[in-house]
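You will see chain A twice below: alongside chain B first, and alongside chain C after that.
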Partner chain A sequence: MNIWQRNAWISLLFIAPLWLIFGQLPILLVYLEGPSFLHLFSFACSTIVGGLLWLFLFFFNKRRKRTGTTEFDERDQLILIRATLAAYVVLWLYFIAACIYAWLSATPERSISVNVMPMVIVGGIVVFLVVQSIATLIQYGRGGKDGEK
Partner chain B sequence: MAKSEMQNQVRRLRFENGEITQQQLADKVGVTRQTIIAIESGKYAPSLPLAFRIARTFGVSIEQVFQYDEQET
Partner chain C sequence: MNQTKSVSWFYFFLGLACFLIPGVVAVFIVYDKGVSFVPVFMFAGIVIWGGLFWVFPFTFGRLGKGKKKVTFDERDQLIHKKSVMAGYVVLWIYFVAACVIAWCIVGPHGSISVNVMPLTLLGGLVIFTLVQGLASMIQYGREPKGEKP
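Our next item is the complex of A and B:
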């Protein structure tokens, strides 16, 4: 198991569930205490950073090259790009489904809570992390078994 | 429709060149051992620069390491 498979497992088993639990915290606080700059700012910052964290994977390549050890090569990059692409496809479908669902739910008689919007964002991050991790593990699983010699 | 199939002689060349290990070859060409395993088993087609580096490591031409067969299906 290489560092990227390990990262995918960590992301799948720990980071995604943590996002699911603690990502809802600012939404709950705003719901209970009313909107405050601190809650909204912390939510915006954490979702922006959380949603763009995958970009650091592509800087890892250059950092490792300087240290002389090869832990990231063209195949790893291809796998991560494919996994990210798959995650974005599913994220887009999720986003469309969430929008359509909200649209259908709101009628002249009924409305949906505005808190649904940040929940959709948190859900999107979780969906992205889960799909990216699974896609990474599947791709390594197909060609990444440790052979002899 | 054309179906492409990449074949390679990396494993044979490793043994013919002093039985170098997958890790040694990986270090020489600057990739991970998993990538060498994937190339040898035909699950990954390397980029041209990597294919050239592998060929030069063995001191042969790229065609002697990698063969490309295109079959009509």
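Our next item is the complex of A and C:
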């Protein structure tokens, strides 16, 4: 199992469930204490970073390439790109499903709580992480890269 | 101008109108006459088709590989992948921004019309299409690849 497979397992088993639980925390805080700059800013930053975490790999890889200590070769890069695109496809379908579900199940006044929107965003991060991790694991297969055991 | 570039121009203008206008019409029908199968199905079809339209060049590229004249080579594929990813990055930031802005305007105890969600999704589709088209054009640059004007 190489480092990227291990990362995918960690993301699938720990990071996604943690996001599901703690990602709702800023929403609850805003609901209980009212909107403050700190809460909204922390929510915006955490969701942007959570959704775009995969981008950091490319930046770190470029820096490591210069020092010659890269463990992230072209194959890993291709796998990451494919997994990310697969995750984005499912994320898009998730947003459509959430939207149509809200449309169908809205109250007679045809309005929903505004907190549904951040909840959908946090759910989107979890869906994205789960699909990206599963797609990464499927692409690496059972063995590690280059016949590693 | 190669085929991919002309497709990106086509997608930029015509595609936008093809997805945006019927989508807004579907939302308006639901707003005016209530939820029914046809507008919801129409909306779902448009956003699924519009959001996943970028998958088709890969499918057509594979189908056309057996032919002598390759119109969608590895470079086009890489450019297309990068522009799709750029589109998704901006789309994600747009969703987070839309969510935080709605939260700020309405307040945590307020409610929003259920039609805001499909309209946000349509806005996301427009932004994704714009960014994808722009990123393709920027990557191709002014000069066509290896072709004489």
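Following the convention adopted for this analysis, the second predicted complex is superposed on the first by the 133 of 149 C-alpha atoms of A that agree within 3 Å, B and C clash if a C-alpha of one lies under 4 Å from a C-alpha of the other, contacts with A are read in each partner's own complex, and residues count from 1 in each chain.
Everything that follows uses one rule, which is that a residue touches a chain if its C-beta (ideal position, glycine included) is under 8 Å from a C-beta of that chain, and two chains touch if they have at least 3 such contacts.
Note that the coordinates shown come from a computational prediction; the quantities given were computed from them, not determined experimentally.
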- Query: Who does A:D73 touch here: chain B (first), chain C (second), both, or neither?
  - Reply: first
- Task: Check whether A:S111 is in contact with chain B, with chain C, with both or with neither, and answer first, second, both or neither.
- Result: second
- Could you say whether A:L40 touches chain B, chain C, both of them, or neither, answering first, second, both or neither? second
- Query: In the superposed arrangement, does A:N2 touch chain B (first), chain C (second), both or neither?
  - Reply: first
- Looking at chain A, does chain B or chain C touch a larger number of its residues? C
- Do any residues of chain A touch both chain B and chain C, and if so, which are they? none
- Which of the residues in chain A end up touching chain C in this complex? 30-31, 34-35, 40, 43-44, 47-48, 51-52, 55, 81, 84-85, 88-89, 92-93, 95-96, 98-100, 102-104, 106, 110-118, 120-121, 124
- chain B touches which residues of chain A in the complex? 2, 70-76, 140, 142-147, 149
- Note on the structure: Interface with chain A, chain C side, in the complex: residues 30-31, 35, 40, 43-44, 47-48, 51-52, 55, 81, 84-85, 88-89, 92-93, 95-100, 102-104, 106-115, 117-118, 120-121, 124
- Note on the structure: Per the touch rule, the chain B residues reaching chain A in their complex are 21-22, 26-27, 30-35, 37-38, 40-41, 43-44, 46-47, 50
